[in-house]
Amino acid sequence: MPDDKIIKRGEKLVALFNTAPIKHTFGMTFRYDSEGSAIFELPYNPRFDHALRGIHGGAIATLIDNAGWFTVAARHDTWIATVEFQTRLLEPVEKEKLISRGWLIRAGKSLSTAGMEVKTEGGRLIAVGSGTFAVTSVPFGHNA
Amino acid sequence: MPDDKIIKRGEKLVALFNTAPIKHTFGMTFRYDSEGSAIFELPYNPRFDHALRGIHGGAIATLIDNAGWFTVAARHDTWIATVEFQTRLLEPVEKEKLISRGWLIRAGKSLSTAGMEVKTEGGRLIAVGSGTFAVTSVPFGHNA
Amino acid sequence: MPDDKIIKRGEKLVALFNTAPIKHTFGMTFRYDSEGSAIFELPYNPRFDHALRGIHGGAIATLIDNAGWFTVAARHDTWIATVEFQTRLLEPVEKEKLISRGWLIRAGKSLSTAGMEVKTEGGRLIAVGSGTFAVTSVPFGHNA
Amino acid sequence: MPDDKIIKRGEKLVALFNTAPIKHTFGMTFRYDSEGSAIFELPYNPRFDHALRGIHGGAIATLIDNAGWFTVAARHDTWIATVEFQTRLLEPVEKEKLISRGWLIRAGKSLSTAGMEVKTEGGRLIAVGSGTFAVTSVPFGHNA
């Protein structure tokens, strides 16, 4: 169960995401669950298919990056930046809504680490990932 | 210098990419250079910005995935599938055209490995990556 | 709870590991837990310290690789090979016994994926990792 | 060609490595080449074989970690710490001397990135890797 600070930051981050151009381009929705994990939903949109008509790995990587970044961001009072993330594409997927989720592995002073996954609505595991996020000194809410 | 087989497969793969919905959604262009490296160009499009108005890591990961996949695909007679790829975001970038390039690290019978990078038009290095690609038994050209 | 097949293969793999030169060089012990996760213990040995007297990342990577490989190996009837693995060093550690554990993320026909972690005996999380393992066609037990 | 500062730091780092217990346990030698890349040599030692008598991935990961760490360390006036590194095992290897090399991808104020590779003496590419290294505020030479 996340503490009040995380819930409050989460509310600001959800509001921030709603102003992100990429949110509207992909048609993603975003919320935190009761554990403080960032949850992104991407309804199926044929515009993100690759030439063989599966969902492109780049769309899956976008869900992975978002799930990690927003899970970590809610744990810090300053902005964070993605340093690197790995995307493991476990199964091909086509014509399905995708849901990504992040979880905190470790929150540090200068670096934090998260795990991420992408599932179909039916619960099939499509991809997993993990990433490193740098904690900057720019106060949270500065640009929000 | 790539051999004739690679050039021929490359021509088919460029034609294939032109039918990919994601190509049109992102507005990417694709060609092979004289080394047989896949080169993708993504003109700046504010629709792929994150909330703080930089270019989203997911767009960069899409360029990385494509550069690796198409560089490797031109070396095989059968379809390949991305197993995993890592994206290292070295510098933030905003409002710039991005160019990704892949290079073959090792072509194997069942698995191949590639390195990838993303630069701005001015040559600033934005991201690097690497990935593993599985070689399937589905003949190349089957769906092309 | 792993099925009988996994338990039986696990017994063979533990016997195999006991013949591995690296086991004796590091002084590692190996068993499977009740979930079928491979567990490696590395008692503190100053010979694996780096120059600043912490435990070297290479020793931690060895624990990570082993935990993933043996967790996956118990799920297949043929030999597996590590394709790639990532090691995330979350905290420095010195002069402590380390324990690694693997867990299966997905077992496939040609590729399997595992997650791994390294903790101190007191439960402090030192490192996490993940890896891809290729399933070969060489029957399990052939060289065991 | 590295500048004088890098060469001078490199000399200190080589001297430091000679005091590292793990250097003696593995029997590695270390120098910088004319580009300022850290080069590690590991003569074949059966004590680092796995049960099937190939060289263990953990020994290869140790060479990868070292090559990246020492290449990056020579570019900074303060100590660095490995954040994460990926190891891609391209080919199995047995009974051969291994040589690892690192190269700088980007030196930043708080984070630096390197690429790494491991070859046999005959030039066969065995493994590649890449890693993130955090720049601490502890002055270089403090513990050297």
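Chains: A, B, C and D, in written order; residue numbering restarts at 1 for each.
Simple rule for what comes next: a residue touches a chain if its C-beta (ideal position, glycine included) is under 8 Å from a C-beta of that chain, and two chains touch if they have at least 3 such contacts.
Here the structure is a predicted model, which means the values were calculated and not measured.
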Quiz item: Across the interfaces B-C and C-D, which one involves more C-beta pairs in contact?
Solution: C-D
Quiz item: Based on the averaged CA atom positions, which chain is farthest from chain A?
Solution: D
Quiz item: In whole angstrom, what separates the CA-based centres of chain B and chain C?
Solution: 33
Quiz item: Quick one: chain A and chain C, Cα centre-to-centre, how many Å?
Solution: 29
Practice problem: Report, in whole Å, the distance between the mean C-alpha point of chain C and the mean C-alpha point of chain D. | Solution: 22
Practice problem: Two or more other chains in contact with one residue: find those residues in chain D. | Solution: 83-84, 86, 88, 132
Self-check item: chain C residues within the chain D interface of the complex
Solution: 16-17, 19-25, 46-52, 56-59, 61-63, 65-66, 69, 79, 81-89, 92, 143-144
Exercise. Would you tell me which residues of chain C are touching chain A in their complex?
Key: 86, 88, 90-91, 105-106, 108, 113, 115, 125, 128, 130, 132
Quiz prompt | Partner chain C, residues of chain B touching it in the complex | solution = 83-84, 86, 110-111, 132, 134
